[in-house]
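Next come the structures, one after another.
In what follows, chain A forms one complex with chain B and a second complex with chain C.
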Partner chain A sequence: MKQIDILIIDDEIKFADMLSRRLSLRGITCQACYDGQSGIRWIKENPGAAALILLDLKLPDMYGTQVLAHIKEIDPAIPVFIITGHGTREDEKECLDLGAAEFIHKPVSIEKITTLLTHVREEVK
Partner chain B sequence: MIRTPQILQKQEWLAFLFHRHNSHLASFHTFSNYRRIWIISIIILAVTSLSPLVMATFINQRLIRQAVDSELVLQTERVTSNAKRSMRFFLEERLNALRFIVNELPYYALIDNTHLAEILSNLKLGFGGFTDLSIIDADGSQVAYTGPFNLEGKNYKTQPWFIRSIESDNFISEVFTGYRDVPHIIIAVRSINALGRIFILRATLDTQRLMDTLLSYKTNVHTDIFLMNHTGVLQTPSSTYGKIFTHTHLDIPEFSTRTNVIQPENLSDNAFVTGYSYIITEAVTTPFILMVNKKKSVVMGTWLNLGQTFNWIIGISCLVMMIIITLVSTFMVNKLYLADNTKAETMMKMEQSQQLAGIGQLAAGIAHEINNPLALINETAGYLKDLYHYTDEHQNDEEVMENLDTILEAVSRCGTITSQLLGFVRQFDVQTSNVDVEKLITGILRFHKKETEYKGIHVTTEIAPETPAIETDRGKLQQVLLNLINNAFQAIEANGCLDITVSHLPPGHIFIEIKDTGCGIPEENLKRIHEPFFSTKKEKMGTGLGLSITYGLVKKLQGNIRVESSEGVGTIFTVTLPVKMKKEDKT
Partner chain C sequence: MNQHTIDLVNKQGLQFFGSVNASISHELKNIFAIISETAGFLNDLTQLSKQGKEFELSLLENCSNSIAEEIERGFDTIRQMNQFAHSVDDPIKETSIADTLTLAVKLTGFLSYTKKTQIDASGTDITVLTSPFLLQNLIYRTLCAIYKSADTKDTLKIFFHEKDPDTVSLTFSWGSLSALTDFPDRQTTDVADALKATINFTDKDLEVTMARTNDNLFTALAGR
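Moving on, here comes the complex of A and B:
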């Protein structure tokens, strides 16, 4: 089981790849999953491996909130940040109710993500 | 852009008359022409309320006039009738006295002057009005005479009265002057003496006595009562036609044994009502016509005065009613207008907010769709930059770096716009949950940690210990605080201060004060900062929507926002929020 910093679950392959590459350049290890199922599977297979999860809402196989519910079932402690281009008020409320750490709209700056990670790391300490 | 509806002062009097036609509101009004409604309502009210009054007055006037007319006729008839009876009685009584004398006394006794004088004195005593007595034979020569005039031996053969009296048993003459040159009336009875010869007993009557009797019926100066003969010559003086023997030139009324009244066709108030009666005794028809003229105006005077007073009262009440009707109509139509205006304004606002919601939904849709490709651009450009940055190849190629930064900045601006558009749409939708203000603020400040350190900004957060979690819309509050804190950070120069204070005002409110030592807002801009698209950050990345949205959001959260600022010193934004939001209908 390998320890990583961020798990990205986003169906926009290019976006997820770009983001993970950029983060890698900053020394942050990433794992990208392109649909809900594979994301959940990865978490199941690597419990406690990711420091935080960036989750998109619009996924090809299931909706982000469902994925979030699954993740929280598996590991309630893991901070999940919703990063989405869509996302209505209802989504935001539902996500926060389900235990999402924050609801962030795309586009998001790389600095914001690194800051998030820093906070998470600090809180863990 | 959204039009701000014209707010009317609700108490404005006559607003509907003087207000400019507001074409924006016009399409929402129930009625279009309030002046017309006003005029029509005044007319309808005036006609319905005043016409019965006016009609009643008119009818009343007519009835009064008719009553007065018939009263006048009755009065005239009564006076005429009474005067006629006394005239007839006056003449008849004296004629009968003469008849009694010729029947009772023998002829020789009558022609005895001494005896005759005795008879005259008895007549004067018993009846009065007699001037003299004489016996005249069939030839016209006066046989005996007693009286004040020296008429003994006169011959009356040619006198018209003699010719008439010799022809009938009884005779009453007109008023005439005769030999004595004094107006008098002759009454004569014809008889036969023991020798079978016709003779006449003639008495002269004093007209004064007759006139006195007549004048006793003259109740006032406006009643003219007089006698005239069958040709229209006055037999007694008349206040209308003049002295005795004047020709009146009146139409001789139709002969009648009864009392009659002639009403003038001309109903003017100066007209006369004339009562007349031929004076006919049992034995003889006299040459007299009794005339009574009553001036209409006199009898009607009281009535007319009353009528005039009545007219004044009616006129004044009509005027008062008109004033009241006008005032009431004006008041009602004004109320109607104002209510309609308020309704129209509300409808316009509703339509505007619906339009806005529609635009918002469209904008939100676009924002959503754009966000994903934007994120991709962002990451790709970022990656390129990273590549240069981390691989050292073009690290020092300033042009490349500058262009990449331009792309990233543009993306960031687009991102701001889309997120603000989304925020704008969210104004229309409120979802409440329990929010810990402290956590929210800490979370927001976290994003600015780097900037804080970099600029050396001193940030203090002071949360009053008893501050409760508030029930509000988390997303909106976050947006509000984010906007305000972002603004503060943009305003603060290096080594500035940002103080955030949260205090609790029991029972129901909390204050969030965000105080910066930034550049401040010039006074002329303070009034405008909440207007949409107002921005002083043109060269930077301001859309001018931030504070406008913030104001809208705070209102949605049922709170208040206040700003104090002095240029160069700093700005304080104070947000007041209810601890628990009241439920409201979603609009």
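Moving on, here comes the complex of A and C:
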């Protein structure tokens, strides 16, 4: 099983890849998936392998809330942070009700993400 | 008919306008997010360089290419936004089916569930004397319904032509449209009625036929 720090599920390939590259420069390991199904498959195949998940709300094959619900069925404890360019207050409420840790609007700073990871790591200790 | 058509444009049209603009703002936010991350990466490389660490120069070239591509994508998005905004300038005018279809395809392309769809559109361009905004609305709704119902790996073929001197036709063909059970919905039917358009479909084809002129719409919207 492949242990990583962050799983990024986002259909904006350039965004996901650039974010992964910047995080890797800071010693943070990432895996990028570009649609909902491949993200869910990765989580099923690598249970407990990611410390946290960054999930886009609008994906080509599924809505982010559907992906979130699947993730929470597979692994209720994993922190999922919604990162979106399009979220409404209703989306935010639905995501938080489904168990998202936080609802973040793009663009998001690299410092914010590293801080999220630090907090998640501290909570696990 | 007249008041109903005006209400349709005012209420439903405003909803349509809002939803298209929301998808455009989403696209622009994604573009800015990529540019922001790329600029951040350039800053990371600058810091590495200051620390005396080496990196491949191709990384810089990739970054500048990526920023240039995203800026072009942004300009393209704004061009489409502008074209869509101007679709309400004239309540009724001679409207190109090809131009309206091209814009609808581009606008629906901003929706996340359409991104993997290949589209092959062809036909002889024809014009109809109609409401460009309502026509855009009808084609956009039709495309959205098809995208939502079918396998996105299929290529959507769209063919438009003059069916007879008074009628134009747009045919949307996909691998299977059998899942398109709740289409046309009430809102789409209202728009189609206002445009004097009919929607018929089989398992694989959906055909929209429309009168080339529409006196009722002309009277209602142009007040003539």
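Simple rule for what comes next: the second predicted complex is superposed on the first by the 125 of 125 C-alpha atoms of A that agree within 3 Å, B and C clash if a C-alpha of one lies under 4 Å from a C-alpha of the other, contacts with A are read in each partner's own complex, and residues count from 1 in each chain.
Basically, contacts are C-beta pairs under 8 Å (C-beta built on N, C-alpha and C of every residue); 3 or more make two chains touch, one makes a residue touch a chain.
All values reported here derive from a predicted model rather than from experimental measurement.
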**OP:** Report for A:Lys14: first if it touches chain B alone, second if chain C alone, otherwise both or neither.
**Re:** both
Subject >> chain C versus chain B, contacts on chain A by residue >> reply: B
Original post:
Between chain B (first) and chain C (second), which does A:Glu102 come into contact with in this model arrangement: first, second, both, or neither?
Top reply: first
**OP:** Once the structures are superposed on A, label A:Pro60 by its partner contacts, choosing first (chain B), second (chain C), both or neither.
**Re:** second
Original post:
If you lay the two complexes on top of each other, which residues of chain A touch chain B in one and chain C in the other?
Top reply: 12, 14-15, 18-19, 21-22, 25, 85-86, 106-110
Original post:
Which part of chain A faces chain B closely enough to touch in the complex?
Top reply: 12, 14-15, 18-19, 21-22, 25-26, 84-87, 89-90, 92-93, 96-97, 102-103, 105-112, 115, 119
Original post:
Can you list the chain C residues touching chain A in their complex?
Top reply: 22-23, 25-26, 29-30, 32-34, 36-38, 40-41, 44, 48, 66, 70, 111-116, 152
Subject >> Interfacial residue positions of chain B with respect to chain A in the complex >> reply: 368-372, 374-380, 382-383, 386-387, 389-390, 411-412, 414-415, 418-419, 422, 426, 429, 431, 433, 443, 446-447, 449-450, 474-475
Original post:
What part of chain A is in contact with chain C in the complex they form?
Top reply: 11-12, 14-15, 18-19, 21-22, 25, 58-61, 85-86, 106-110
